[in-house]
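Note that chain A is present in both complexes that follow, paired respectively with chain B and with chain C.
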Partner chain A sequence: MNKLLNFGIYCWSWIATFGVFIVVGLLLFYLLSQGLPTIGKELFFGDAPVWEAIFGQVRVWDALWPACVGTVFLVLLAALLALPLGISSGIYLACFAPKTFKRILSLLVELLAGTPSIVMGLFGFALILFLRNTFLPDANTSLLLAAACLALLILPYLIFTTQSALESLSDEYRLIGPSLGFNQMQTVFHVLIPAAGRSILSGVVLSIGRAAEDTAVIMLTGVIANAGLPQGLLGKFEALPFRIFYLTAEYRTPDELGSAHGTALVLLCLTGILYSSAFALHKTLEYRWNQHR
Partner chain B sequence: MEPAPMKHKPFCNIRNLHVSFHGRTVLQKINFTLNNKGILVLVGPSGSGKTTFLRSLNRLNEYYPGYSGGGKIELNLSGSMQDIHCPNLELTELRRQVGMVFQTPNILPVSIAQNVNLPLKLVTGLNKAERKERLIEVLQEVHLWDEVKDRLKENSSRLSGGQQQRLCLARVLALKPKVLLLDEPTASLDFKASHRIEDLLLELQDRYQIIAVSHSLRQARKIAGQILVIKEGQIEHLLNKEQFGDQEMFQKLLNDIF
Partner chain C sequence: MTQQNRNKNRNQKRKRINRPLSWTSKYVEVLLKYATIFSALIVLVLFGFLAYFTLPLFAEGQFAELFSLHWRPFHGEFGILPMIAGTLVLAISALLIAYPLALGICLFIHGLGPRWLTRPILLLVHGMTGIPTVVYGFVAVFLLVPFLRNNFSHGSGFSLLAASLTLSILILPTIVLLINTQLEHIVPALRLTTTALGITRIHELTRVSLPAASYGLLSAAILGFGRAVGDTLIALMVAGNAAQIPERAFDSIRTLTAHIALVVATDSQSTTYHSLFACGVILFLTTTSVNLLLHHIKQRACREGNHE
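What follows is the complex of A and B.
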């Protein structure tokens, strides 16, 4: 009986793994088959000459380039805002917060995590309305606002992963620092954080992915269809997920749908690149921690 | 005849030590004064509070949730008896002077050299050259130098269990402690590696006051100057060399206890 159960569990885990593999494989295959043929100069730059378009000397119409740049800026800016805040809050919660205070803070973070992204967008939008009616009549939705709202969206992921990465270290490991005469700060920064680095990184990677794909937040806070390259922090911008959204929602020719698939593929590659640079960064940090002192 | 005052100085004086976690008593009514007569080995059934006792001596118990405890502990740290709960004694300083090696090798996931170097850098004020010198000195002291001198930059997790445990010991020795607390230092090691550590401890016993927990009676008899038998959080016996020297008597005594 027990043997049968074991076998059942074994089969099920195998099927489940295989299933995931198949689903992801199908998805990739579909995207590649639909999107790959559309990839080319045309998709990225339309009719504009390539080099001039890249450097923004020529306006690009109906093509991906401005959206690529917009998404990269958006994600980097959101990460720049959210990473320091999120990771330090996670460290504080895991290592320094007094017990009752920690419970209250965790509740608030959970609340933030449960907030749907459209609500974050609405919040940003309402903020602009408020500013217009009060101090800043010229305030408008912009790259900065969108990035700030995105940062708010990914903040709880960062806090949670950092906190749980630190808290899941074993009791014995936590005691290494104190047993060698380190103070609390030294233990946290020289023993615990480096050991939790890998898990913290995976939180960073997940939240970058989340920031790159979210459409609801930016729709209300500054993305528009034909903004061209972003013109500074307070300008409008284009973004890949938004482009995919409106191409698929409003396509008139099969070509337009095809270019939506191409865009999706590009977005996938872009997040892939962001992931790998986060990973590379982690590797260098780990190396430095290990060797140079 | 000359007395041997150097060898038999008191090094540890404990009055009414008690420890509990979440209201559950783990150690109670611990009272004794010990002279320096070689390695003090703690034996007792598992769960009897040996680890907790060691952790009272460097006040590491205070890290655990639900801890409460009291009593007076004096250790001979800098030539005179020092109350370890004295507010003038910094915790970090106490823990530097009372070094501890855990039951399972507890290396930092960094290079071999860095395992010794990082604590040296953070805790002592030594400069780079002095740290390098100290590193070599302690690796030689634990007989690890010849095995690792060509791979100091390798990750220490590639070392064998016995090597890792010696590295942990070296890491502690590098901080020049007065007292060494060793919690079943050979528990996760094979026979040969255990022997190496035991011989090493016998070499070190003149330079450091060693207090070690042991799970093996053979080992206890081999390295101990005195044996402290703990049972259910209390001291059952304090045996000196004559008492545990007689194998039969020792065995009989322990049969009663375990």
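What follows is the complex of A and C.
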């Protein structure tokens, strides 16, 4: 009986592993086989001439370009808002915070990290309702609002990665500063942060990837299907993940379906590049570390 | 040196060395401190906002109506009970599918599979975390849903079953990575002993290592549940979105998250909005209690020295 159970567990571990392998393989194969043929000028620019479309002189219809630009703007803006706050919070928590204070603050940040993204979106939506009722009667959902809500979403990731990058440095690094007569601030800024730089950067790239893929937040805060290129901070915009969602729900022609497959492949490649470069940054740091040992 | 001594030493090294700070450093430290306090307060502001917008429900006495079984906004019925049930059923079923799979993968990595496969599999699991949610949903709509529709002939295929299968793949890497981190601490420490005792690999894993990693196993399940509750896109794209209490695997369901997204996209009456914020508050409280529970478990594990 016992033997049978063991054999069952053994088989299960193989089945589970290869089952998941096959599912992910199927997913990638499906996207590649359906998406690759659609990649081309039409997917990105539709009927519009390429150069005019890139510089925004011609409106691009039913194509990817406005969504690409929208996603890039959105992600950069979100990073711009979240980076200073996230990195300085990470530094403070890792190097300066007194113990009990640190525990309370990190618990709150953990709670923020666990909040579902749709709740962040709802918060942005509530903010607009609030502004409409009070100061700005014509406030509306926009690129800036979406970026701010996305910034809330990636803020905890930034804080955690910065904090753990600094905390995982070895004690030798920690002693360099005091041995040279640095004070805590000088140690942090001239020794620890440069040493942990790559890890912190990898965290930044990771959170950018996270911002690029999220759909739920922007759905409630200003993304629409046919906005064209984003018209300033207070305008509506398009984004890649939302375009996939929209086309999946509402495609009418085989062309649009093909375009959806292409979009999914493009988004997958984008996040794939971001995640693997974050991974590579982290790995090279570990490698450099092990060399110095 | 004993473990205790070493720890003491390390703590001494880590203690801040107090030197007089120049005024710029003081200024910078204060700045960093306020940035941190600001980031920590965001979550409270967020909850405050949602709660504030839910208040009118209490004032207008519609609170009881909130927990009715019917969502018919045009008849003035705003029951969100079906959505709560949908969320719970979907999250639990996704967890029930994903958890055994994740355990199997972890056992495979830590000894049941060949060694040369462990790194590629870990890499694959890391890679799975990088696949956007919307892409999972997209592929499910075009592969899984037609498959279910053609082979089981129960309705359209957009169902609880399709959503829980997709969602289980989404939360799988989270669970695997958490259990794996635990086992990475535990397995090498125990392997020498167990090998010396002549215990087989499979016995070692199932009778010694996994029980030793019980906190990790528990927190992985809780974290997986939290992820499943918070996910929007899979439920929205694959689950069918009919506001009803789920009874069978092929029923179309609607979750709280999908409900919020759908209502914001379509309706614009103020009462619907209030009930929407109630949904937000419920979601927030659920994930917050999940996180507090995780925090509690982690602390207990640390105290018992199980973690290190």
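Going forward, the second predicted complex is superposed on the first by the 235 of 293 C-alpha atoms of A that agree within 3 Å, B and C clash if a C-alpha of one lies under 4 Å from a C-alpha of the other, contacts with A are read in each partner's own complex, and residues count from 1 in each chain.
Here, contacts are C-beta pairs under 8 Å (C-beta built on N, C-alpha and C of every residue); 3 or more make two chains touch, one makes a residue touch a chain.
Please read these numbers as outputs of a predicted model, since none were measured by experiment.
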item	value
Chain B versus chain C, judged by how many residues of chain A each one touches	C
Chain B versus chain C as contact partner of A:F96, first or second or both or neither	second
Touched partner set for A:L76, first chain B, second chain C, both or neither	neither
Partner chain(s) touched by A:S13 [first = chain B, second = chain C, both, neither]	second
Partner chain(s) touched by A:R174 [first = chain B, second = chain C, both, neither]	both
Touching partner for A:V191 - first (chain B), second (chain C), both, neither	first
Which superposed partner A:L105 touches (first chain B, second chain C, both, neither)	second
Touching partner for A:A225 - first (chain B), second (chain C), both, neither	neither
Shared contact residues on chain A - chain B and chain C	171, 174-175, 178, 181-183, 186
Contact footprint of chain C on chain A as seen in their complex	6, 9-10, 12-17, 19-21, 23-24, 26-27, 30-31, 34, 84-86, 88-89, 91-93, 96-97, 104-105, 107-123, 125-127, 129-130, 152, 155, 159, 171, 174-175, 178, 181-186, 209, 212-216, 219-220, 241, 244-245, 248-249, 260, 264, 267-268, 271-272, 274-276, 279
Residues on chain A engaged by chain B in the complex (per definition of touch)	171-176, 178-183, 186, 190-191, 194-195, 289-291, 293
Touching residues on chain C, where the partner in the complex is chain A	10, 13-14, 16-17, 19-22, 25, 28-29, 31-33, 35-44, 46, 49-50, 53, 100-105, 107-108, 112-113, 117, 121, 124, 126-139, 141-143, 169, 172, 200, 202-203, 206, 226, 229-233, 236-237, 257, 260-261, 264-265, 273, 276-277, 280, 283-284, 287-288, 290-292, 294-295
Residue ranges of chain B touching chain A (in the complex, touch as defined)	58, 60, 63-64, 91-96, 99-100, 102, 104, 106, 108-111, 114, 117-119, 121-123, 153, 155, 171-172, 175
